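Two complexes are shown next, each including subunit A; its partner changes from subunit B in the first to subunit C in the second.
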Partner chain A sequence: MLNGYAGTILRIDLTNEKIEKQPLPAELAENFIGGRGFVAKTLFDELPAGADPLGPENLFIAASGPLSGQFMPASGKTHFGCKSPATGGYGDSNLGGHFGPALKYAGYDMMILTGRAAVPSMIVIEDEKVTLEPAGDLWGMGSLSAETRLKAEMGEDFQILTIGPAGENGIAFACITHDFGRQAGRVGIGSVLGSKNIKAVAVKGTGSIPVNDPKALLEEGKRAYRDVRAKPGFTGWTPEGTAGITDWVTRVGALPTKNFQTSYWDRHAKINGAAILRELKITDKGCYCCPTPCGKYGKAKTGLGEVYVEGPEFETISLLGSNCLIDEISEIAYANYVCDELGLDTISAGVVCSWAIECYEKGLLDREAIGKDVQFGDLASVVHLLECIARREGVGDLLAGGVKSAAQKLGQGSEAFAIHVKGLEWSGYECRNAPGMMLAYMTSDIGAHHARAWVLGHDLAGSSGSVHDLISSEGEAEPLPKSEVVGRAANVIASQHLRPLFDLLGICRLQFMELGFEVEHYERLYEVVTGRRMSWEEMLSVSEKVWQLTRSISAREIPGFGRSWDYPPERLMGEPVPDGPNQGHCITRKEVDILLDEYYAMRGWDANGIPKAETLRQFGLEEIAAGMDNWACHRAA
Partner chain B sequence: MMITINVQLSEGIRCILKETPSTVVVQIPEPMTVKQLALDIGIPPILIAFAIADGEKKSLDDVVESDASIHFFGTMAGG
Partner chain C sequence: MKLIAKSEQCSGCGACRLVCSLTNFNQVNPAMAALSIHGRFPAPGVYEIGLCDQCGVCAEVCPVEAIEEENGVYLVDADACIGCGECVEACPHGVMFEHAQLDAPIKCTMCKACAEVCPRDALVLKEA
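Right, the complex of A and B next:
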């Protein structure tokens, strides 16, 4: 018995309709903790090299961590992994809600899907009973509609994952939806589920999880809740959730605006957290055991209709809002709803739509190609594009592979303003004057995603520890000095170990990052749950090992993978910001190489960004080091 | 009469200003803005995404007039 874990891996070979249960290996739990660690190790060990991301040989993995489902704040995270249809390399994404805890209570730490079901199907897990059931009548339905119907038919006790038409149609930025508004949004994970002919997964768990010291867990859990609730920010942070930083991101010149043409928008006050409270919000909505529910459930009224929707959170505000010049919060919420129902990641969708509209403005795509006249600031344009994409209709087929793929097909210079890294669209922070954050995006193991490392504050504070005080009042844009490039890697690397550590443990990081919930809580909770003592530093070391592993997976899978895959697009590498606090600033190609040189050296990677064998051995990854001569990175793309 | 302010910093700020304690108690002789309070205890206002005083969101220009507990939030990565 492994304390803290359900103790079983559920494997489903969809092609052969074979369902297997195997004990969770103790060494996997000890060496990789859970969640993202389980995903990375399993992908490296079991994914056939060179697998087609949308082929039956790809793996779809759902994994929880030892703290998932436990009595402690915000223990509701579930991690998903696959070979990414967006990048061709390592891919993972996570969501909150209640799915992971339910899967554990049903008896499973991890679910691994291989093969492809013969007909559209859904997986039903009710404790030890696991069945594959036909779901042809759900195929074609929206994500939210399908979940609504399944909840009505199966009961509220089932926790449900669904995909929408985008996942069914292999869109490179299709997501998984759960709990009517929680998404594992990134890397095209929804398309991998769709490629396996799986429309939904429903799980009901009524069991329990073995814990080393239940009495101590009760005490530590109570103490944790007391401490979180005692934080001065406790009552103030929740009302706006992540949307509360919209004004700040604008003040510091980091708000993606008009397909990242600039980083400041004077209409930010119309789309910020206060606007959500004023115009949308009905209630807060939280995940399993969360004392600070950041979800905002509300009603949006627009000229296109009225919808109930969870969101938008900050990323959606920035990419579907300012980046598309949509300046009404209700319209952003409506576009959010359309994405949720179609099963599209709002981040990538916002980037792809804004790229398409810029192509139209530049005459690279015309009315005939797009199907209508489109323009920035027009909700109908964005909704038209979203619907075309999800169903691969008209221009949607061009856009279905994501902005990198679309720009490669269209050419004519459109690659320069296709905002992505490795094929994953850039999330909500423009960073032409934030070299550390730029490096974080460049080296994120899944592509341009903010949740791996977040060092914008370090950039503002300055590399030498000096600080600026250039803001006279909120909302005013004043010039910021150009940030130094040298000396950024250490903070990025530290953040790349810290933030994903929560993804290993199976919990949300916001209580720690935002409320100052102490690290000591996690050390104690981990010990009373698992019976193993592990310091925070030791946990960070595991997170570092997983980082080496995920980079190795991409190096193994992607022909020609290396430094060139870490470069930002031309717009963010040489084109000065036209206005706002960072007017005139940019990062040059030479500076990008300085950032990468420093980073690779500190990581123990070669000059092309490939882990060295001795580095992998330092982390006990000997078997990975042994096979690296055969990795695809050594072959031409 | 001095005004007593209990200031707490989010981890998002402390991971940048590593030497700064998580809690700072200050006494001020007269009302001052949130921004000036931050400057007085060595927190660059630019690092403060927003402040919460006794459960209410405050702007950097709002004035603290009486005893209060204030939480300075650094920046978070949403989603």
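Right, the complex of A and C next:
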């Protein structure tokens, strides 16, 4: 028995309808901790090299960590993994809510799906009973509608994942939805589930998770809740949640605006956290065991209709709001709802819509191509595009592969303002004067996502404190000096080990990142749960090993992979910011190379950004180093 | 001392249920909790807490008198319980539960751990 873990891996071969239960190997738990670590190791070991991301040979993995489902703050995270439909390389995405803990209570640390079901189906897990059931009547339904129906039919004790039409139709940025508003949004994970003909996964668990010292867990857990409550951010950050950062991000000129044309918008006060509380919120909606619920569930009334929706979170405000120039919080919430129901990631969807509208403005896509006159600031334009995308209708077929693929097909210079890295659309922070954050986006293993490293406070405010410290600071938007490019890599690398470590443990990082909750709690909790002592530094070294592994997976899978895959789009590499606090600033191609040179050297990668064999061996990844001569990165794209 | 639920404060995190199972059964298992949370989603978008108010209906219906009151708290004597489920059926708040691994039903013991932990003050103690 492995304390802290459910102890079993659930494997479902959908093609052959074969369900297998395998004991969780102790060495996997010891060497890769859980969650993202399990995902990366399993993908490297079991994904057939060169697999089609939407083919039956791709894996769909759901994994919790040793602290998931435990009595401690925010133990509700589940990590999903696959070969990414967005990039063709390593892909993962995670969500909060209650799914991972339920999977553990049912007895499983990880679920691995392979193959493809013969007909549209759903997976039902009720403790030891696991069945594959036909779900043709759910096919075509929205994610939220499908969850509503399943909850009504199966009972509210089931925790449910669903996909929407976007996931069914193989959209490169289709998400998974859970608990009426929690998403695993990124990398097109929803389409991988859809490609396997799986509409939903429902799990109900009534078992116990073995822990080393239940009495000590009770005391340490209570202490952790008391200490979270004592943080100023408990009452200062929680009410607005992630949306509370909107004003600060605007003040430092990092708010993506009008397809990243600029980084400042004077309408931000209409779409910030206060606007959510004023106009939308019904209740705070917490993930499992979370003391600081960032979810704001509410009702949005717009000219297009009235909807219940969780959110918008900051990322959605940024990409569907300022980046599309939507300046009413209720309209952003409505677009959020449309994305949720269709099963589209709000981040990528916002970037794709803003790119399409800019193409229309520039005359690269006309009314006939788009099916409608579209413009920035118009909710109906955005909703039209979202519906076309999810169903691959009209212009939706062009946009279905994401902004990189659409720009490659359209050409005519549109690649310059297709805002992505590696094929994954850029999330909510504009970086033309934030070189550390720019480097973080460039080198994030899944593409342009902020969850892997976030150093914006360091870049633009010289702060290494919590987000609550940043948003509590006073100040007005004023011109900022040009940031120094040299010397950024160490901070980014540290953040790339720190933030994903929470994804290994299976818990949320926000108490730590946003409130400054101390990591010593996690060391103690890990020990009372697992019975193993592991310092935070030792855990960080596992996180570093996983980083080498995920880069290796992309190098193995993507022909021509290397430095060119780490570049930002031209707009963010040489086009000066036109206005706001960072007016006139940009990071040039030469500076981008300085950032990468420094980063690769510190990582132990070659000049093209490929891990060196000796680096992999240093992390005990000998078997990976052994096969690297055959990696696709060495072949022409 | 009385345990009061303020459902409008609840965010549905379930920490109360987990600490309940850990305190009363030494298990990390919310299916062994003696209180419930119902999420009313997508509409109207609220949580409802189901909580024992020590009304004593369970004791009234118990055919073997296995539930007795001590200082205003009704407690199940697991040894005396025959597992008939009458109390679970009769509980007006639906907060007596059965679990496959337990012979006797699960009932609130007024241990107060839920109120101690609830980060939202949705469960609070009040002088009776």
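Definition applied: the second predicted complex is superposed on the first by the 621 of 637 C-alpha atoms of A that agree within 3 Å, B and C clash if a C-alpha of one lies under 4 Å from a C-alpha of the other, contacts with A are read in each partner's own complex, and residues count from 1 in each chain.
Assume a contact is a pair of C-beta atoms (placed from the backbone, for glycine too) under 8 Å apart; a residue touches a chain by one contact, two chains touch by 3 or more.
A quick note: this is a predicted structure, and the numbers were derived from the prediction, not measured.
Novice: Looking at A:248, would you say it contacts subunit B, subunit C, both, or neither? Reply first, second, both or neither.
Specialist: first
Novice: Check whether A:457 is in contact with subunit B, with subunit C, with both or with neither, and answer first, second, both or neither.
Specialist: Touch partner of A:457: subunit B, not subunit C.
Novice: Between subunit B (first) and subunit C (second), which does A:629 come into contact with in this model arrangement: first, second, both, or neither?
Specialist: Once the two structures are laid over each other on A, A:629 reaches no partner at all.
Novice: So in the superposed three-chain picture, is A:153 touching just subunit B, just subunit C, both, or none of them (first/second/both/neither)?
Specialist: Neither partner.
Novice: Mind working out whether A:228 is in touch with subunit B, subunit C, both or neither, as first, second, both or neither?
Specialist: Once the two structures are laid over each other on A, A:228 reaches subunit C alone.
Novice: Can A:368 be said to touch subunit B (first), subunit C (second), both, or neither?
Specialist: neither
Novice: Subunit A touches which residues of subunit C in the complex?
Specialist: That would be residues 8, 10-15, 18-19, 21-23, 26-32, 38-39, 41-47, 99-101, 113, 116-117, 119-120 of subunit C.
Novice: Quick check: in the complex, which residue numbers of subunit B touch subunit A?
Specialist: Residue positions touching the partner: 6, 8-17, 22, 35, 39, 44-50, 52-57, 59-61, 69-71, 73-79.
Novice: Could you list, by residue number, the parts of subunit A that touch subunit C in their complex?
Specialist: It is residues 69-71, 73, 98, 105, 144, 148, 156, 179-180, 205-209, 211, 214-215, 217-218, 221-222, 225, 228-229, 234, 282-293, 295, 297-299, 308 of subunit A that touch subunit C.
Novice: Any idea which subunit A residues touch subunit B in the complex?
Specialist: Of all residues in subunit A, those touching subunit B are 185, 231-233, 235-237, 239-245, 247-249, 251-252, 313-316, 347, 427-429, 450-451, 454, 456-458, 460-461, 467-471, 473-474, 495, 498-499, 510, 512-517.
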